[in-house]
Structure formats: C-alpha cells, structure tokens
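The first chain written gets the first letter, and so on, giving A, B, C, D, E, F, G and H; residue counts start at 1 in each chain.
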Amino acid sequence: MDERHLRVLLQQLKTDAVDIDAVVERLRAMPVQDLGFARLDTHRELRQGFAEVVYAESKTPQQVATIMQRLCEHHERVMATRATPAHFSAVAALLPQAVYHEVARIIAVAPDQATCPLAQPAVAVVCAGTSDLPVAEEAAVTLETMGRAVLRRNDIGVSGLHRLLDALPELQAAPLIIAVAGMEGALPGVLAGLVRAPVVAVPTSVGYGAAFGGIAPLLTMLNSCASGLAVVNIDNGFGAAHLAARILAMGKG
Amino acid sequence: MDERHLRVLLQQLKTDAVDIDAVVERLRAMPVQDLGFARLDTHRELRQGFAEVVYAESKTPQQVATIMQRLCEHHERVMATRATPAHFSAVAALLPQAVYHEVARIIAVAPDQATCPLAQPAVAVVCAGTSDLPVAEEAAVTLETMGRAVLRRNDIGVSGLHRLLDALPELQAAPLIIAVAGMEGALPGVLAGLVRAPVVAVPTSVGYGAAFGGIAPLLTMLNSCASGLAVVNIDNGFGAAHLAARILAMGKG
Amino acid sequence: MDERHLRVLLQQLKTDAVDIDAVVERLRAMPVQDLGFARLDTHRELRQGFAEVVYAESKTPQQVATIMQRLCEHHERVMATRATPAHFSAVAALLPQAVYHEVARIIAVAPDQATCPLAQPAVAVVCAGTSDLPVAEEAAVTLETMGRAVLRRNDIGVSGLHRLLDALPELQAAPLIIAVAGMEGALPGVLAGLVRAPVVAVPTSVGYGAAFGGIAPLLTMLNSCASGLAVVNIDNGFGAAHLAARILAMGKG
Amino acid sequence: MDERHLRVLLQQLKTDAVDIDAVVERLRAMPVQDLGFARLDTHRELRQGFAEVVYAESKTPQQVATIMQRLCEHHERVMATRATPAHFSAVAALLPQAVYHEVARIIAVAPDQATCPLAQPAVAVVCAGTSDLPVAEEAAVTLETMGRAVLRRNDIGVSGLHRLLDALPELQAAPLIIAVAGMEGALPGVLAGLVRAPVVAVPTSVGYGAAFGGIAPLLTMLNSCASGLAVVNIDNGFGAAHLAARILAMGKG
Amino acid sequence: MDERHLRVLLQQLKTDAVDIDAVVERLRAMPVQDLGFARLDTHRELRQGFAEVVYAESKTPQQVATIMQRLCEHHERVMATRATPAHFSAVAALLPQAVYHEVARIIAVAPDQATCPLAQPAVAVVCAGTSDLPVAEEAAVTLETMGRAVLRRNDIGVSGLHRLLDALPELQAAPLIIAVAGMEGALPGVLAGLVRAPVVAVPTSVGYGAAFGGIAPLLTMLNSCASGLAVVNIDNGFGAAHLAARILAMGKG
Amino acid sequence: MDERHLRVLLQQLKTDAVDIDAVVERLRAMPVQDLGFARLDTHRELRQGFAEVVYAESKTPQQVATIMQRLCEHHERVMATRATPAHFSAVAALLPQAVYHEVARIIAVAPDQATCPLAQPAVAVVCAGTSDLPVAEEAAVTLETMGRAVLRRNDIGVSGLHRLLDALPELQAAPLIIAVAGMEGALPGVLAGLVRAPVVAVPTSVGYGAAFGGIAPLLTMLNSCASGLAVVNIDNGFGAAHLAARILAMGKG
Amino acid sequence: MDERHLRVLLQQLKTDAVDIDAVVERLRAMPVQDLGFARLDTHRELRQGFAEVVYAESKTPQQVATIMQRLCEHHERVMATRATPAHFSAVAALLPQAVYHEVARIIAVAPDQATCPLAQPAVAVVCAGTSDLPVAEEAAVTLETMGRAVLRRNDIGVSGLHRLLDALPELQAAPLIIAVAGMEGALPGVLAGLVRAPVVAVPTSVGYGAAFGGIAPLLTMLNSCASGLAVVNIDNGFGAAHLAARILAMGKG
Amino acid sequence: MDERHLRVLLQQLKTDAVDIDAVVERLRAMPVQDLGFARLDTHRELRQGFAEVVYAESKTPQQVATIMQRLCEHHERVMATRATPAHFSAVAALLPQAVYHEVARIIAVAPDQATCPLAQPAVAVVCAGTSDLPVAEEAAVTLETMGRAVLRRNDIGVSGLHRLLDALPELQAAPLIIAVAGMEGALPGVLAGLVRAPVVAVPTSVGYGAAFGGIAPLLTMLNSCASGLAVVNIDNGFGAAHLAARILAMGKG
C-alpha cells in the first residue's frame, strides 16, 4: 500500500464507502514495507544515482546474468562484483552493453562509464603494492560505475616513502581517499597524517607468513595513531567505494 | 627556512652575496619541515577549527595541565581525553575556563561550548546500551568541543528494535551517524541499512564472556552486510569524532 | 498514537474536522511504537510472568536501588544480577521484601520465592565443579524468581563419572537441563547423550592455563558430538535461565 | 542380559540351580548395556519418532548406502547429512524410496516426506542471506524428515530490516525459530528481541575477510544482548534441528 | 549396596524372605555407585598410595582446613595445592602435623615426608629458569607427598646449554622426567632428544610479550620434533606429578 | 674419534710418538659425536627394539624407498608414516617384505608383524568416532611395528556413554591407554577418571565449524579435570605410540 | 630535477634569465624525488652491491621475464624469488645467463655466482630439518646472489642435539648466523646461547597440528630466553638474507 | 677439569703415573663444562665488554641487591632490568656506585656511565610516541651500560611524518637503528625503507582496543614490506640492545 492507495482508502472513509473499523483493520494488517512511505522510504532515494549490486561469488553465471537483466529493467546502473570471465560471458549474451573489468572482477552496466566524469573532484584510490591492485580496482570501478571520477595511484607503499611523497600533492587535493594495503598495512595511517581528507582504509589478504590473511594490516589500520581514518572489511573494495559514495552524497539530500 | 628566507637567499645569490655552491649546500641541508611550504603545509590548515588534543591516560595531572596551558596560548580549542578528576583539578588551577565532562572523561577548553551551535545540522551520536555511554560521550563531547552540533540517542540497541525504530526519523535527518555498541555490536549495521548517511561504527569493550574485550562487536561491524559503514578502533570515540569532523569539513578547503 | 487515537483521527476525517492530507501527514509522522499495536505488541505479553532484570555490574548501589524500586511499582517480579552486598544494602533500604542470593549474586523481589513451586516439573540445573556454582546459582535463582521449580545437582563433572551416573535418574525426569561447566566443559555433551531433554550448556570462566577464560569449555560445548544441546555465552547463567523459561512457556502463548 | 534373563537367573538361584556365588559373578560380569534396563534405557525411547542419521562427509558412497540400508531394516526414518550426488546414486540403487535434497545435502527416507504435516504448528527456519541457504535447508529438511512442519523464510537479514519486519507476523506465530546467519550474524539476536519463542542460532561460515570462517557470527550470537537464544556450532543446521525436535518433544514423555 | 548386602539379598531370595520381583526392583533402583563393585571399583585401588588433593585457590582458609581434617580421618596422605599462608594457618590449627611448602604453595600431610625415600629411583623434576620454580616445586612436592623420591635440577634452560649438558648424566639415569619451562619452552623437547625416559612437559605462564600467558611454550612443546614427550596444562605441576605417579604405578596393579 | 682411536692416541703419547700439546689439540678439536661415548651414547640403546621412522609426507616415493632400503640394512624394524599408496609402490619394489597399512598410512618392515605378540599385556588404543580412525591406527600400527600388542576399541565417544562403559572392563586391564578424539575431545578425560592407567590423549583435526582443525579437542584435553593424562600434538598418533613405547620400556634400561 | 639541473636554474637566476619568483615556483613544484639528492639519495648507494629483486609469486612468467630483462639493463645482480620452473623458462628465453635454484625457488643473474667468494668469512645458514630447506636455501642463494659466501648446515635441529654440537665449531666462526626452523622452532634460541654472533631467526610454516602454519615457531623464537637473536616473518628466507647483507655492509658506508 | 689439569693428567700418563685405562676413565667422566675449554668457552669472551644482567621483575629487592653485589665482585658492568625504586633502595645500600634510570627501570653499575663515549658512532634508538619511552629507554640505557654511545630520537611516529623526515639525516648516519613503536607499529618499516642500516624493531604493549597488548605492532613489523629489519619480543628493549651489541661486536672477535 503506497501513499496513493492510502489516500484512496481515506477518501472511501470520507465518502462512507468504508467504515472506521475497516480502515483500522487495513492499517493494522498492511505489510511493513507499505508503512515504509513514512519512514523506510529512504531506500529508493538512497540508491538514486547508485548502482544495484550483485555479489557473484556464490552464484552461477546463469543466475548472475538473469538477475542483472532483471535489475537493468528498472535501474540505470547495475554491477556484479567478484565476477569471473564465465560470469561475464553469460551476462554479455543478455546485456551486450555490459563491460567486464578484469582486474576489478566487476561486470558493469552504466550510462557514462565511457565518458569518465572528470569535471568532478576525483576520489583518490591508492594502493601500497601491485598485489593490492584487484581490491583497489574493485573500489575504483565501483565508484566509476556509480558515476564518480577516480584518481588512481598504485604502488605507493611506505617502504619506498619517496613514491608516496611524490604523489602527495595530488592526493592532498582529493576530497576523500580510499587507501588499500596488505602485508603490514601502514599506508592509510601515514597518509591520514599528511592529508586533510578523510581516509577509508581497506586491508587486503595479500601477504604471507604472519599476515594471516589480512589480520595484520587490519590491526595496523585500526590502531593507527593518525586520526581521520576508518576501516572496512578485509578485501572489501566495494564497501569502501560505497561508503565513499555515501559521504560524497552528504548534503545532497 | 620558510619562503621568506628562501627569497632572501635567492636575492643574495642574484647580488653575488653568496655563490651557487653555497645555495646548493643550503638547500641540501635545509630541514625537512622547511621544505614543507611546498608540500607539507596542510598541517596548519588541517587543524583550523579543530581542537588540539592531549591523551591524558599515561600522563600525570601536572603534565596534562602544563601541556594544556601551553596549547591554550596558541589554540582556541584544546581538549584532553581519558582524563580523570585528578587531571581536571590540576588543569582547572591553571585554566579556570576549562570544563570537565565526567562521563566522556574529557577536559575541554572551547569558546562556544556553552552555546551549542544548534543551527548546523547535528551529527547523530547513538549507542546501543547505557554501558556504551562513556565511549559515545567521548565522541559527542569531542565533536562539540570542535564546534559541531550533536544529536544524542542512547540505549537504542537492536535487542529492543522498537526503540531504534522510534528514533529513526531523527537519525534519518542526520548528515552523519556515529554508532557505538559493545556486546554483539549489531546496531551500526542495522542502522546503515536504514539510513542514507555514512555510519562510523565504534565497537566498545563492554560485555563479558565471549565479547573478548571488544573483538566480538569489532568483527560484527567489519562483517556487516550493510554497505556504508566503516569502523574505528575499540572504544575509540575520539577517533570517530575526529573522522566525522574531517568528513564534515570536506569541500570547505 | 494508539488505536483509540487513530479512531478519533479517522472520525475527524469522516466529519471533515481534518482533511485527507492532514491524516496522511499524521500517519507518516506517527512514532513507530504507536504502529506497534499491529506488530510489535508482543513485548508486553512476552514478559508476562517474567522478571524485570537489572544488570548491576556497571551501576552504583543507589542506581540499582532506584531502578528496582521504580520497576516494583509496575512489576511483580524484579531482580538484579551481578549484584554485590553493597548493592543489596541500598536496595533493602527501599524494598524491605528484597532477598539477596549471595552465591548467585542476585537481588530478587518475587511473590512466591519462599514457597518453592514444587508442583511443577523442575528444571534441572547442574554443574561440574564447586567453582561453577556461582554461575549455576545465577541460573537457578533466576528461574525461581520467574516462578519455576529447580532441581539442583552440583559437582557431577565427568572426571568422576559415577557421581553423574548416580544423579542420572533424576536428571532423566527433568523436562529441560541447564548444564554449567568450566575447565574442559565436557559435562553438557555427556549429559545430552544420556537424556531425552534439551540441554542448555553454559561455559564458565573457571579454570587456569589453557582454559583461556572460558574459551576451552565454550569450544567443547559447541563441538559436542551429542545432538540436543545449545550454548549460551561464557558465565551467562541468567541467559540460560531466560532461554529455559522461554522454552517452558512455549505453547502457553 | 535383560530383565527376562535376570529373572531366569534369580529363579535358578531360588531353585538352587545356581548358588549365590555364581549369581554374584554373573552380575559382576554382566555387560553395562544389560544394566541399562534400569537407567540407560532412555536411548530407545529418545529416538522414537526421530531419524537415524549418517554423517556422510568422511564416508564412501558405498559405505553410506550400506549403512542406510541396514538402518532402514529397523527404522522408519533414516537420513544422511553432508551427502553428495555420488552418495545418493549409491543409496538410490539400494533404497529406491530415498530422496535427495540437493541444497540441504541430505538423503532422506521417511514415510511422510511427501505429505508435509501442515496441521502442526510449524517451526520457523529463517536465514539472513541466500548463501546461508544450505545450512538453513539442512535444518529444515532434517526437521521434515523427523516429521515436523517447517516454515521457511529466507534472505531476511538485518541489513534490509523491512524484509525482516515484513516476515515478523508469521515468525511471531512460530513456537520455535531456527535462525541461520553468516557474515555479521546479527539476525538471531534482533529476532530474539521481537518474538516470544526461543531462538536457536546457527552461525555459518559464509563471508570473507574478517568473518574468519564463522567466528564473527558465532561471537555475535553468543554476545547478543537479547535473552532467549542459544547457539550451536558453525554450519550445524542438523544440530539445530535436532535440538528443536527435542524441545518440541518435551512433555510428551 | 556393596557385595555383602547383595549376598544378603540373594540369601533372602533363596530362603523366600523376598520374592524375585522385589530383588529385581532392588537391583533396578540401586544407586550407581553400588553397582560399582563390578566395574567402578578401581577408584579405591587407584588412589592407594596416592594423596587426596584439595584445590585451595577458590576456597576460604576455613573451608580448606575443614576438608583436610575430614580427609585425614580416612587417608594417610592429604594435600592442598595453590594454598596461601593464610590457608596454612587455618589448617595448622586443626592438623599440627601439616607442613607448608611455600614455593610449591602446597600444604601436605604425609607419613614419610621427612624421611625422603631415597632408595627408589628418583623422578627428575627439572625447570628452565628460576621463575618456573613454583610450578616445578608443585610437581616435586606432590610426588614427595605421594611417597616418591625426586631429583631436582633447576635453571637448566636451553639458552645456557652447558648447564643442561652438565646435568645430563643424572637425568639419563631417571626413569621419568618432568620438565617445566616458560618463555620459549624448548627445554622438554631438547631433553627428550637426549634421554631414553618419557618426558612430561609442563608449560608455565612465566614470560612477557608474545609469551601470551603460556601459549608460546605450550605450542613449542606440542610441536617438538623429538618423540617421547607429552604435555599437560599450563602451570599444571600437580597434573604432571599425578601422571608420573600413574606411570610409576604401572604393573603394580 | 671413538674409544679405540683415543687409546691409540694415548699410546702414542706414552711412547712419545706425539707430545702433550698434540694430544691436547686433538682433544680440543675432536667432533662432539666422538665425545659421545661418555655421555651421548644412549642413543643407540635408546632405539633398541624401536623402529626407525621416515616421515613420508614431504618426500617423493623414490626418496622414501631409498631411505627405507638403507635403514633396513642396519635395522630390523623400519617404518614410514603419512605414506601414500604411491610411496608404498616404490618401497615394495625394493623391499618385498614391506607391508602397507592403508588406514594408518604406514609402510612397515618388522619381523613379527604377522605374529601379533599377544602374550604381553596390550596397550589400549581407543578412539571416539570412526573419523578418528586414521590417527588411532597410526598409533596402533606404530606400536605393533615396535613389537607391542595392541587392544583396539573404536567409536566409544562420550556422546554414547554406554559404549564406553561397555568397553571399560577391558580398558581397565590395560597398562596404558592411548585415547584419540576429535570434535569436542572429551573421551580421554572421561576415561582418565575411570581407569588407573596413564592416558595419552591425541586430539584430531576431525570436525567442522568451531573445532578449528583440532584446537577444540586439544584445549578440552589440556583442561581436563581428571588427573593422569597428558596430551600430544593434533593428529600425532605416531608420537603417542612412541611415548607409550618409552613408558613401557621404563625400568628395562 | 637533479643537482645539475638545480645549478643550471640558479645560474639562470644569477644571469637574470629567470627571476626569483620563477625559481621559488620551480622549487615548490619539483617532485619529491628530485629533492632526494639532499636526503633520500641513500637509496642508490644502499643497493650498491645488492640484487634487484622480483617477487614472482603473484606474477605471470612473461611479466617476471620482462621485468628481469629490464632490470638487467641497469643492474649487475638481479633475482626473482618464489619462482616456478615456468617462470624460469620464460626468463631463460630472454636472459640465457640466468640460473634457476630449484629448492630455493630463485632465478638469479649474478656475475660471480659460479665462483663462490670463499675468501670472505661465510655467513652460516642453518636449518633444523630437511623440510625447512626451501626457506634456508632462499636465504642462502639470496646471499650468494648478493656476492656473499655462505656456509650451509642442514638438519641440525635440537631434537638430535649431537648434530648441532657437531656443527658448533664452524658456526662459532661465522660472523652471523641465519637459523631456519619450523615445528617447535627451538634451534635459533639454543644456537644464540652457544655463539657470539647475532642470530637471525626464520620460522617456517613446516609442521602440522598445533604448529598453526608457523605461529608456533614464531612465538618460540620471539620468546627465546637467549639474547642476541631477532626474528623475521614466517618463511621469509629472503628477508633474513637481506637483513644479513645490511649488517655485513655496516661500516662500509 | 681445565686445560691445566688435562696437561697434568697427560703428563702423568707419559710418566706412567697413571695408565691409559685411567686416562680414558677420567675423560669419560669429566663434567661437560670441563670439556668446554674446547667448544663452549666462547661464553666468557662473548660477554667481555658486556653487562651481567639481572631480571628484577620476579625477585625481591633483597634478592636483586645480593645478586648484583655478588656479580660486581667479578664483573665491571652489572645491571638489573624491570627494577622498581624499591629494588634500587636495596641495591644502593650495598652498591653506592649504582645508578637508577627511572624511565628505563634499570639499575646500572658501569665504569663509564658518566662519560658517555661519544667518540664512537652512536646507535640510534628511536620511538614512535612518548608512551613507548620506557621500552626505548630500556634499550638505550642497556647500550650505554654496555659502553655504547646512543643517539635518542623520540616521538617521531609515522602519523606526523615531518618529524620523522626531520630526524632522518641523523638517523641515516647511524650504523644501526633500534626502532620502538606501539599502537600500529609502522615506524620501523618506514624507517627501513629510508636508511641503509639494519633496523631492530621492538613492538610495545602501548595502545588500547585492537592493539591487543602488542600483537598489532608485532604483526605490522613482521609483515613490513621493507627489507632489512628484524623483530624482537614485545616490550623487549633489553633484547634489542643486546642484539645490537652483538652486531656491533662482529669482526672484533
């Protein structure tokens, strides 16, 4: 029951087509999502300008293709994360306009993917080493699929500090930084001490030995002495991008 | 060596008061912070409008008082976190304008603490249970000391969902939410699914048994299925507030 | 807004005292708990016959006393867990009928505490060693405060199997067993293999060395080969009792 | 030695066919299960109406088939968990009436599987996301194989709270809820705060990064602030169902 | 019901003083420990020559004293572990013959404590550092209280290998070695490679940093490449001694 | 340098063929194993009657075959653990008398494997479930290859206590018990409370969910309230057998 | 901008070809690495005599080959770690002088690999067991590729102490020892107590059960009672060698 | 038996005062430390110029004083770590020349403590924050007590990178760096990427929340992408200093 239906019902009450008891009963019984128009309606708006997302990892190629096709009927921007080439083959058969970002493992359908919106101030997505690239690309492509400009700077980990300092002027101009790092994970904390923008830190499961599948960089980032950074789950490039998009959308109601 | 000194040096070169070798040597030897005018000068601006912060926990009352007094000579907003009443006694003797926020364990000096700046849209600081209050208050008072308006909603944990839903309309109006929770820590993830604002999640060490000093809510928050939230360290209310202030300052250069 | 207010509002609509827009606005804005008459009203019933509970550990004696006094105005059964003798002194000054169960660390107000309701089939609360007694008593006294009969059998851990077998006939007659154990925590699993009743297992933080504050018995219980048992948090005697009460109340809707 | 044999022996003593020493020796030597008539005889009854269960994971298809065939000679309801299609092929060759539940990975033989016993109040088996489905189905099919009606509600995780609230009226009518969740695992705790029934929580190993193979949801569930829920092992859908069956059988002797 | 009572009962049957039904009922109802004469009677023998043990840590001085006094009525050797001087004061008031071993934290009553039984081959109790001494002494005094000779060699950790090699000839003569070590815990494994006797390894919680309360030496001992050693719980000197006594008693039925 | 060479050297000194300085130098430089005749010579004796063991897991079939052939030139009993059928093929080509124990994954060469030495009192090797069988068999076959009689009792885990009690009389007759268990690992502790023999506990990596590859049963065994048991590494059936052999060899120096 | 360019710029200022503002701007804008001549120029020197290293694990054979070829244009010593035979095939096609060290998994290009520089005092690289060999070889070959002499001693773990003592005289002559060990990891600590040289300890992931992929030896090494050793990451043979090379280069500026 | 005694013995053999059998017996029986003159004699030399060290934490003031006094009879440099003021009072009564370093918690007796040996190149001891100071001072004072010059640079953590860069020229001149850091522990890795000297990393237990008593910085340091650093135990400033002293003593054998 949406607002239009509610108004019809109240109109019927007003014209004695139904009585008060009947209205009370209808209200009592209406599904929660119907009540949503008052309180839970933010979901639609929330996602305006946002992509609909399919987590491909535990789904068959055919399932992913079917879901994306259905989503494309109602949404302008649709994407699947953790997608394999096999997923893409199935999707491309149904949605020829779909694009596969191999390193990011993302299948994307978006109107402006080609014409990267450089006019906006670009979110910086940086990573410490080349092996962090898949996670960083997941973040970057997610942002681009959502219509955001991205500035990529890779391989600027703290063990070669000059590379980081070299990239610093550009990073200081970014409104927001997503910093991806595995192994010891020190990059986001160092960066947060050098810039004024908020830093979203993404630990990766890259590394061996005592990296423990990402626990080491996760702890490093949580314990950073620098203020102004927050952490998302290990390898969660998508989540970092989604948070960034929320932050960028602040104040735009 | 700041820009003025550099110009003097170059002027001297131009007038042969020094030779090229001497200038090269001076540049070679100049301390890194002097170079900062080019690249590292953001620090000053970064902190404009921000409080200078003393971490009181490992310091004596006298040390905290001395540091705060010195900071007050140059800064308008100064605060100490994890401060005890004993810390406050020492500070108040030197800085009569200081205020002690007991639950938040913060000593604050700020021009507008009294006149809470309600005109701004207020950051929501919410917590799941009353025992999470000290951490939530650390976040809230930090924001207020930085000159930000705060909307507090306490005790709205997910085990009594109606309280959360009751507070929802107000929370949906906030530009940013800091959500503090111990024990199972589910509040931030549930909230992130209901609002459009970014959510900064703060796990607390509240709880017993398998809460393991905050590990349980930390993991819950990192693994939240909801997009749009990021996590700071256990009990780090200050860090969440500082990140929030950075986010709110975005685009204000 | 409860049902009565809703009817008044609809009546006003019917008589043109308000228009449809106003009703829609009122419905849109009404607090969630008001909607509860449809869906969230179970809370009241849920607690019928149940005790209202105060977690005393992080509260001052005066706070506990005040809260309990206020709860007693509306509830027949009120209790505080993790309460110290100091908590009890403060409570007893306001509520002379309160009783302090020292081992269980519970302050209880209940009409039938004295006359233990032996007519009902008693829930068995058993523990492996004498050091598990505080947790077992927390469970037992909670049940009694909720008006349930309890059969206590202590010190029947598996390292002296004859004691367990000795108590078996009585335990096999219980409709439900709460089994409390620290150290290696094997009692609940062994018991679940010998009885037909469901077993609620409570690990305790009793033990030293590799017991790791209750992790060892917790893992033992989770991994039990025996079917028919479930686990609550370490030292959470209250939680086990509350679950037991829910199970016993099944079908009495 | 069962009771009949004991009576024969005592009769022989009475008629001097044996002497007292011989009887003492016979009693001393009699196998423990024979003594069972006094104390351990609950096992047979315990399993009445319950399925005999084979854990297929570490067994060859031929072993599973042979064991199930043998069990079917004496039992009406027999099932194998963690079974692959290969297991089923071997079983179906011997037991044509066997049914394979692919998602649940269960091979079942039961008289009433086809005619789902809808007259009973149905146990609710809910899960947070589609990837939790195998574990939820293991629970649901186990209950059905034991002759219990099941109400399934999938994909109602807390990150989309409206779906949960939508399902709430049905769930509030269930006598018992099995709630399955991976990732952050908040569903069971939220649910326990909304219903009156006991909730059996099953963490799953679904998730990535800091989910740590199910540790994150396990801790969330153990630490839930809501009373009235207990936890079984990670991915242990069968165990949850078996506990549920025990609870439902309470008071039916 | 012991054997004597059983014979009386059977005699009564034989003489028609009772009938078969009555005997069956008596047997059916007899407490499990009574059945023990057949199978569980090893307990008495098991403890012959062994001390009765009280774990003092969680008990008051008066409780320990009372329990020890009662045990002394029936047993020759009685001891309390983890005992404080306050425990001893209370015990000594009731049992003047009790002896307090301060480092071992044991109160012992034993007939031959004074005259150490040097004729037997002595169990070697060795420890790596002086801080492991309390645990090693708990093992040594336990053995002596049980009437066993002990050879002590302290401070022979592997970081000063010459001390270990120096003690080697004596250790090679011991029938059994208890090796106690904290920090890195390498002593038992090195020792097991040098002697022919079985080695019981006891990790201690001595150490700091990454020793993690005994986890480090525990893991070291479990992973020792040397065959011929087994591990008991952290700080469990008593347990090691008890196991040693069992091993020494083998074949003495 | 063995004793014979030393005597030659001293003879040369006596006859002035060498001078004192030269002897001192030779002694100073002599390899440690030469000194061994004094102190480290126990190794030969230590292994008398013991098998030489090859850990096959990280070796190629050809390597294992070559090593075993070489060992067989000097030793009567040789075995390889963690061996695959491929290992066995390579070994059998060189050593036709070798036997492959498939469940135990052991290749063995021993004189008396066929004629099991039943005259000796047999070590009991028991396991909780059928999935623990490979580890239990590794222990049992190791003992048999070392010339020890073994009593096997499988599938007597504590969740079906009657099976354990049924096997108890035989187990109480064993001089030593090796108890193997995965999942919750309670069997060894329960057993240690019922027998007089020392119990060597072996946790296995069998299980799922919160068994964590054997950590759960390992902790259970370390924390057992029962005295008289010690623990070896997870899945280390060989180590348990080797320790057992050392214990059985005590006093036969 | 290097020093030469700076001098040109200053010369231009001196001759009025540019003005002061232009020089300030150029300095302000110059990339950080250009400033490096003053402070960060150590990198070049640092690596003199050192190999350029490619981490092959996450790269394709073609990528590794291309990178190594490019590095060889500027460097005398180039190596790839964690390289497979497939990597080597691709590299050898481009760089015929490359050598593949199979156990070490290293592809190396170095002028003096053939003529091992035995004149230098050799760094000792020792390992506890044969399964630690790949990690030890990674360290040894890295050192040799860097032009360092290496003394290898394998299989000298502490469970057979005589082998260690046998190798001791040679080890005592080494200026530095790299000690590699898995399982219980006691070798480096024992060694550090016997020699005067610094010991770099490398834990390996060799082992099973409670070795936990290298955590056990890592903790052992960190907690060693012996002074004079430090630890690198699990399996990090390369890192140990690189640290050793740094130490050996000390004082050679 | 030292070399002198051996020569006497051989002389006796030469003069027939003893026979060969007697010499063989004497050699066979001589204590291991006597053999030490050949192989284990490095200990004395090893410690030349090194301090004798007492670990005060687990000792009484009187014990520490007595041990230090005895050590001072034979050694020039003696120190106690983890010493309290109470320890110092007791020591000062016996050794008036002793000095107490309060922050470092070290009591030292050394000839040249006053006249800091500035001629040598100084080891740099740096720490990230002021709360790491006690551990850094433990390292620095240990080195000074051993007669080494120390360059201290405190509070140069990576969250304020300019402070680190500012100190860089001095640090680049140091032959060896000890870098101490808690919280996220990134300093040593960043430093190792900027200098040519080996870096000894010391994690501290400073921090809160997810720092877990030093685990977070420990993992950060182990996983550093930078080569050329190694790690010692948490808070082990003494161990880092001792390793540094060993490295500095290399080649001075």
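Here is the rule we use: a contact is a pair of C-beta atoms (placed from the backbone, for glycine too) under 8 Å apart; a residue touches a chain by one contact, two chains touch by 3 or more.
Values in this document were obtained by computation on a predicted structure and should not be read as measured data.
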Neighbour overlap between chain C and chain F returns D, E
From the C-alpha centre of chain G to that of chain H, how far is it in Å? 25
Starting from the mean Cα coordinates of chain A and chain C, work out the distance between those two points in Å. 41
Could you say which residues in chain E touch two or more other chains, in rising order? 32, 39-40, 161, 165, 168, 194, 209-211, 215, 218, 222-223, 233-234
Which two-chain combinations touch? A-B, A-C, A-D, A-G, A-H, B-C, B-D, B-G, B-H, C-D, C-E, C-F, D-E, D-F, E-F, E-G, E-H, F-G, F-H, G-H
Which residues of chain A touch chain G once you look at their complex with the stated criterion? 130-131, 161-162, 165-166, 168, 206, 208-211
Chain D contacts chain C in the complex at 39-40, 42, 45-46, 165, 168-169, 172, 175-176, 194-198, 200, 218, 222-223, 227-234, 238-240, 242-243, 246-247, 249-251
In their shared complex, at which residues does chain E touch chain D? 3, 6-7, 10-11, 13-14, 16, 20, 23-24, 27-30, 32, 35, 37-39
Residue ranges of chain D touching chain F (in the complex, touch as defined): 31-33, 36, 40, 43, 57-58, 203, 205, 214-215, 218, 233-236
Under the definition above, what is the set of chain F residues touching chain C in their complex? 128-129, 157-161, 183-186, 189-190, 192-194, 207, 209-212, 215-217, 219-226
